[in-house]
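Letters are used for the chains, namely A, B, C and D, taken in the order the chains are written, and counting of residues starts over at 1 for each.
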Amino acid sequence: MIDAPVAVKLAGIWKRFPGVIANSDINLDVRRGSVHAIVGENGAGKSTLMKILYGMQKPDEGTIAINGNEVIFHSPSDAIDAGIGMVHQHFMLADNLTVLENIILGSEPTKRGVINQQTALTRLTQLAQQYGLDVPFNSFVSELGVGARQRIEILKVLYRGASILILDEPTAVLVPHEVDELFSALSDLKAEGITILFISHKLDEVLAIADEISVIRAGSTVATVDPRTQKVSADDLAEMMVGSELPTPETRGSTVTDEVIIDVRNLSVLTAAGKPLVDDVSFKIHAGEILGIAGVEGNGQAEIVDALMGIIKSSGVLIYNGGDISKWSTRKRREQGFGFIPEDRMRQGLLLEAPLWENKMLGHQTLKPNSNGFLLTPADAKNDTARIIDEYDVRTPSIDVFASALSGGNQQKLIVGREMSSDPKFLLAAHPTRGVDVGAQSAIWDHLRKARESGLAVLLISADLDELIGLSDTIKVLLRGKFVADANPVTVTPQELGTAMTGVKKSDGIEAAS
Amino acid sequence: MNTKSPSIRIFAFFISAMTLLSISRIFADTNDLTSRGTMAAAFGLAVPIGLAGLGGLWSERAGIVNIGLEGMMILGTFGAGWAGWQWGPWAGVLGAVTFGMLGALLFAIVTVSFGVDQIIAGTAINILGLGLAQFLAKLAFSNAPGGGQSQSPPVKGLLPSVTIDFIADPLNTLQQKGWFVISDLAGMFSGLFYHLSYLTILTVILFVLTGWTLWRTSFGLRLRSAGESPSAAETLGVNVIRYKYIAVIISGSLAGLAGAYLAIVGTNVYRGGQTAGRGYIGLATMIFGNWRPMGTGIGATVFGYIDTLQLRDNANIRGLVLFGALVLIALAFLGLRSGVRATSLAFLIIGSALVGGFLASTNMAPEVAQVAPYVTTLLVLATASQRLRPPATAGMAYRKGESH
Amino acid sequence: MSRQKILNSLAAPLLAVAFSLVVVTIILFAFGSNVFEVFNAMAVYGTSPRSLTLMLNLATTYYISAVAVAIGFKMNLFNIGVNGQYMLGGMCAAAVAGSLNLPGVVAIPITIFVAIAVGAAWAGVAAWLKSARGVSEVISTIMLNFIALGLISYTIIRTNVGRPAALNVRGTEIIPPNGRMVGWNLLSPSIKVYGFIIVAILIGVLYWFVLNRTVFGYDLRASGLSASAASASGVNSKRMVVITMLISGGIAGMVGLPDLLGNDPYSYTLNFPSGYGFTGIAIALLGRNNPIGIAFGAILWAFLDVSSQILDIENVPREIVTIMQGVIVLAVVVAYELVRRNRVKSEQQNVGEALAQKESSAS
Amino acid sequence: SSSNNDAGADVKVGLAYDTGGKGDGSFNDAAFAGLTKAQTDLGVEFKEVEAGLNSTDASREELLRLLADTGYNPVIAVGFLYGTALGNVAKEYPDVNFAIVDSVIDSPNVASLVFAAEQASYLVGVIAATASKSGRIGFIGGMEIPLIKNFEVGYNQGAQSVNPNIIIESKYMGPAGDNTAWNVPEKAKTATEGMIAKGVDVAYAAAGGSGLGMFQAIQAGGGPAKGLWAIGVDSDQYTIPSLADVKDVILTSALKRVDVSVYEVIKGVVDDAPLTGVQNFDLSRDGVGYATSNSSVEPFKAAADAAAEKIKSGEIVVKTAE
């Protein structure tokens, strides 16, 4: 394997953006038929490097050689022609087009300009069977969940007959069982001699699948290791990446009290067509308790959160501090101590084209220090923003820059800081550390733990099962809008939890839902 | 009901509507409601609106909101008047398309290449189109015999129009019998074959061609992908910028063609102010039609139909009121059966009120007729449930290589 | 820093005006006019005291119209219906004002109130259609513009509200002198600056204050920047649509008042100027929905409109000014876009540098 | 220009049209005809201006003021929309002679040129009713403003004087205030087609540029060969170059001799005897009438002329709208 010829050779790649050097003198050899993993903290330059290889960006310096031939890519179509395919970190799909259209776009089988659907369908059905990538070809993408979307992305690449596959964080949104399916497909591909470049922040996955691992730090390659021959652990990798140890989300000791903060009874959310998305769910959270909800994305987590925030219509009773608040508006809920870290910060958490200090007011605009309920108090708000920037280590030159100028991790820190500063009694935290690097991750975990100690009730939703198990006092498993199992975070393993999420079977750490 | 196939349901729906229309015609005593002349004229008034709507559709499908249709249409009327006066009607059509395209090209440069706000750019194009057309008209027509500062001399000759007599005439005879439903159907279909301008035929072809191109060809898929997810398209090697340019330019040529219809078929001169806001109404029919050619065409035809009704005969509007009432009452009964109480009751009340209005009025103020097309549009939109699916990135600027 | 900022925000519009001058020069040159003479005539005529007064008066109207549009734009509502709203509001206000015989301090506020109420009510139809029935306000306001014309025509021709105002002119009862808001001879002895300019300035100040200093304004801007984020922050988006539309319509209702209360014939006639609504859209865009920007936009637009009067006398088609206005709008947005890109770039650069500094100081 | 007579060589005439005026083939073109006649006959110089789109009273006033200011005398405003504006300017320039069409301004230096359009309409109404075989005639109006309503009222009265049972279909192209109503010939065409479908065989339009649509519909319906006739307005539309394509269907036109009035105003200034006060251009002064350039109108002339005599003598009083 190690002796296989080099399929991709990146030599002396430099790429500079205004104010940052994304890649500085990167050298990388990827052997044919191998899985080559690339790891590095957020912003290390991984995606940039892959975009360069895929012709989306031009390197400032350096050369690319494919199968020994030096190439210059002007656009992705050049790269596609050279047999390269890329699955992007963020889905590159058009919601209002069908699955089939999304896949064949740009390489449609045509007869005098007219798309030959049948040809495409035949070929795709065969590909889908071969690699176990099952998707409904005639559905609109908007109707599908993340797992199916990821399969579409891979089919897109395979359909073009790529021999070199770039996968940029393909597992970030997948649950363990889906990850397994993906890996088995990757093994098949590898067996056919296809070369795979694989990026992930989940180091155990990397160790499980990679033939070679390159570590990128601050834009340069710092090491390339062979996990098959060299003994490396996740901790070793993390240390190479950031120069520090891997943080853990472990919480010590229970702070759960008897005081029920939030009591949800028979919560249901229906689609416009009357289909239940959340189906008669009940639970309680006490002061000082973190309740984790595990579940494959799209099983009703987002709807529970939105319903509790009063953003969408729901039925059922919501008791907060002993009073029925089912009729409260979102605003009233926020004023009375609901904190909210949304799953999609771009969509629900930020005003991208507004300065940081105005973003700091968002969700708390009726409260001190942002306003007196009617008039804004910008001076106080600015001071408080400066404090948050400082306390939460948000890296920015000033509080006047637009939120869009911050990196994802720093945006998230701002949101966490903002929500914690309003002294919430009940916090809804959805994927609080998604896409955030290890340093910022541990800081956010620290803040959650501290708040919990001081009596905060937290509803935690996370696809990161380590995080969920580590932080939660109680875990409930959500499937098709219903709680199907309870898990004891002290004993349950991520594998068990992941299995329970797909509704397959029960094991030690898992009990039937109470 | 639900088990029937869609085509049977559409047919049943159509026949029910025709039945109600026929009842209205008889009670309102206005045969013109479904006459061949009405239908032919309705198509005539619908064509410029429909073409503008189709233009909007092309551009929005590629992600560019085109408020500037009105301005491109104005440029089209000038191009038609000027070239038509010099070299005849077909040259006029070409002139209109060219002028519309030039407006669109400018629009594309600022929206696609510079990525400025599309609403602003469209508004600017409307101002610019108006100014340019009037400026050029003053220079070109002021001293021309038969022309004036804001009117061109007549277009040289007429565009031919066709009537397929052996279909149109028997149908028309049938219509004049006044038979229940049958005559109505005959009249409306007869209108399809009567006094059709070549431009009308071209318009129908363009609608069909648009649907076919956008949804059946690879060109169309790529163009739509530029409006649905340009970043995805770009990663698959689609030249998004090029497709956006093409879409906007086609959009402008269709708007120009709409102008040509007004200046060559609707009448035979360019006149300042001739577009009368039809670019905006076209945009409305496109939204009404859910960004699809069929829906846009229906929207434009309904609008043209009602405008024709009121223009041809005030009595028609009484028929229309009765028709609206009957439709609402029918919807109310259907709704009650499937348990949609509140809305059905509202429909029932409004419907009954309309019947009352119909019975009480023998003579309506002309204003009622004049605003009928606009009121009807609002009523249709308010009663129809709106499940619109605009292209996902319509209105957003797209910059190459900046997708995350 | 702040001077730099001012320079930056001025650079774009100035460049745009200059660019449009170049375009117009080329056009004029191509058609054989004496470019210098034309511009000179416009400048001389346009800066005479009379013209300046007319400019202020026209700008007053434009300003109100543009603010009405801008407040909708701030939350991505496209109120194309200002035209219908001001015409209907103006007619009702004129009818009421004409029937009142009260001292000005009472009559004028009543007139203004009626205009606001009617404009808001007419916009309210579109607001209801959008929030309750999901009808795009773009369509509904276009339709409502036409329907408003029908209503006005009906009222003035067929009801007692209308009466012959002069030979061949029909309109509402003439507003008695008490109810007028004529103004002052500030610049020229022969012509008055509309008294309503005070109200326009007030509207601008209020607009700025509400938008930037109140929670409501914050909610509104947030809704415009991101509807989903606003709703997660506790903004009731349907209510926001309704309120904003009502405010926009209320302001729009006043667009006709400067002319109505400040100029002959002190009556809403069937020839009342139409089209201020569409000009308002352009000016709101030109001024980037900013109260000061809109003021500059309105004054520039009005200056061009007024000074273009001389062109007929100079044998140049007056439409050259319309072309110029269109080019200015286009050029301004292009210039702003370039400035914006620059800003984003430098901001990211700053962020990058801040990051790098912290990193190096940390290690 | 070549002038046979240069008595007016030092007279500079300023003429202001309203928005989109010149080239309408009717009213404004009539004013232009008067102007050109004055140019050839009297050798005057002139300047034409036009109100812009969305003009206000203030902007119209400036236009007139500019003319007066730059030495034009007389200054003639074509259209009642200039009423308020001209009233103000005339006060400020007492030494300049002003004239306005279709409006009345009470000022010593203003000639108010008013036309008995209802009388002309009465005459064409007589012709229409006489020419109609079906007993149904039509009227197409631009907007239902008082000025246009007068045409309709006179037309109806004339037609009913011939045939009391006559049915008159009437349609306006838009609500009052909708300025597009003057520019939508295709709508006038549709309306006329509707009338023809109901049996109308003679139609009369007072709809500005939209009137063209009526001519086209009558022509498309078969025209004189099928007994269909159209009646024009203001100018003798049979002779207007831009209408040459459809002239065959124009039986006659109700004339509003704006050309005569404009010429008289200019002549008055040239002769140092400026016209002032209300100048009533009615039948007795030949200020209105009907056109006879299409010889097809011969058979109906007798009836029309008889009616004209009765109007002049006061035996018939033609009503107006208000």
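FYI, a residue touches a chain if its C-beta (ideal position, glycine included) is under 8 Å from a C-beta of that chain, and two chains touch if they have at least 3 such contacts.
Please read these numbers as outputs of a predicted model, since none were measured by experiment.
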More contacts between chains, A-B or B-C: B-C
Distance between chain centroids, defined by C-alpha means - subunit B, subunit C (Å): 30
Intercentroid distance (Cα basis), subunit B paired with subunit A, Å: 45
Centre-of-Cα separation between subunit D and subunit B, whole angstrom: 35
For subunit D, residues contacting two or more additional chains: 50, 53, 144, 174-175, 178-179
In subunit B, residues with contacts to at least two other chains: 130, 134, 277, 367, 370-371
Junction residues of subunit A - those touching two or more other chains: none
Contact pairs between chains, per stated definition: A-B, A-C, B-C, B-D, C-D
Interfacial residue positions of subunit C with respect to subunit D in the complex: 45, 50-51, 54, 57-58, 87, 146, 149-150, 152-154, 156-157, 164, 166-170, 190, 259, 263-265, 270-276, 279, 305-306, 308-310, 312-313, 318, 322
Residue ranges of subunit A touching subunit C (in the complex, touch as defined): 17-20, 309, 311, 329-335, 340, 342, 347-354, 358, 361-366, 371, 373-376, 378, 395-398, 401-402, 404-407
Contact set on subunit A toward subunit B in their complex: 54, 56-57, 75-77, 80, 86, 88-90, 92-97, 101-102, 104-108, 110, 113-115, 156
Residues of subunit D touching subunit C in the complex: 47-50, 52-59, 62-63, 66-67, 70, 80-81, 83-84, 87-88, 92, 102-104, 114, 143-147, 174-179, 322
Interface residues, subunit B side, partner subunit D - complex: 32, 35, 37-38, 41, 44-45, 130, 134, 141-142, 145-151, 153-154, 195, 262, 265-269, 271-274, 276-277, 307-308, 311-314, 366-367, 370-371
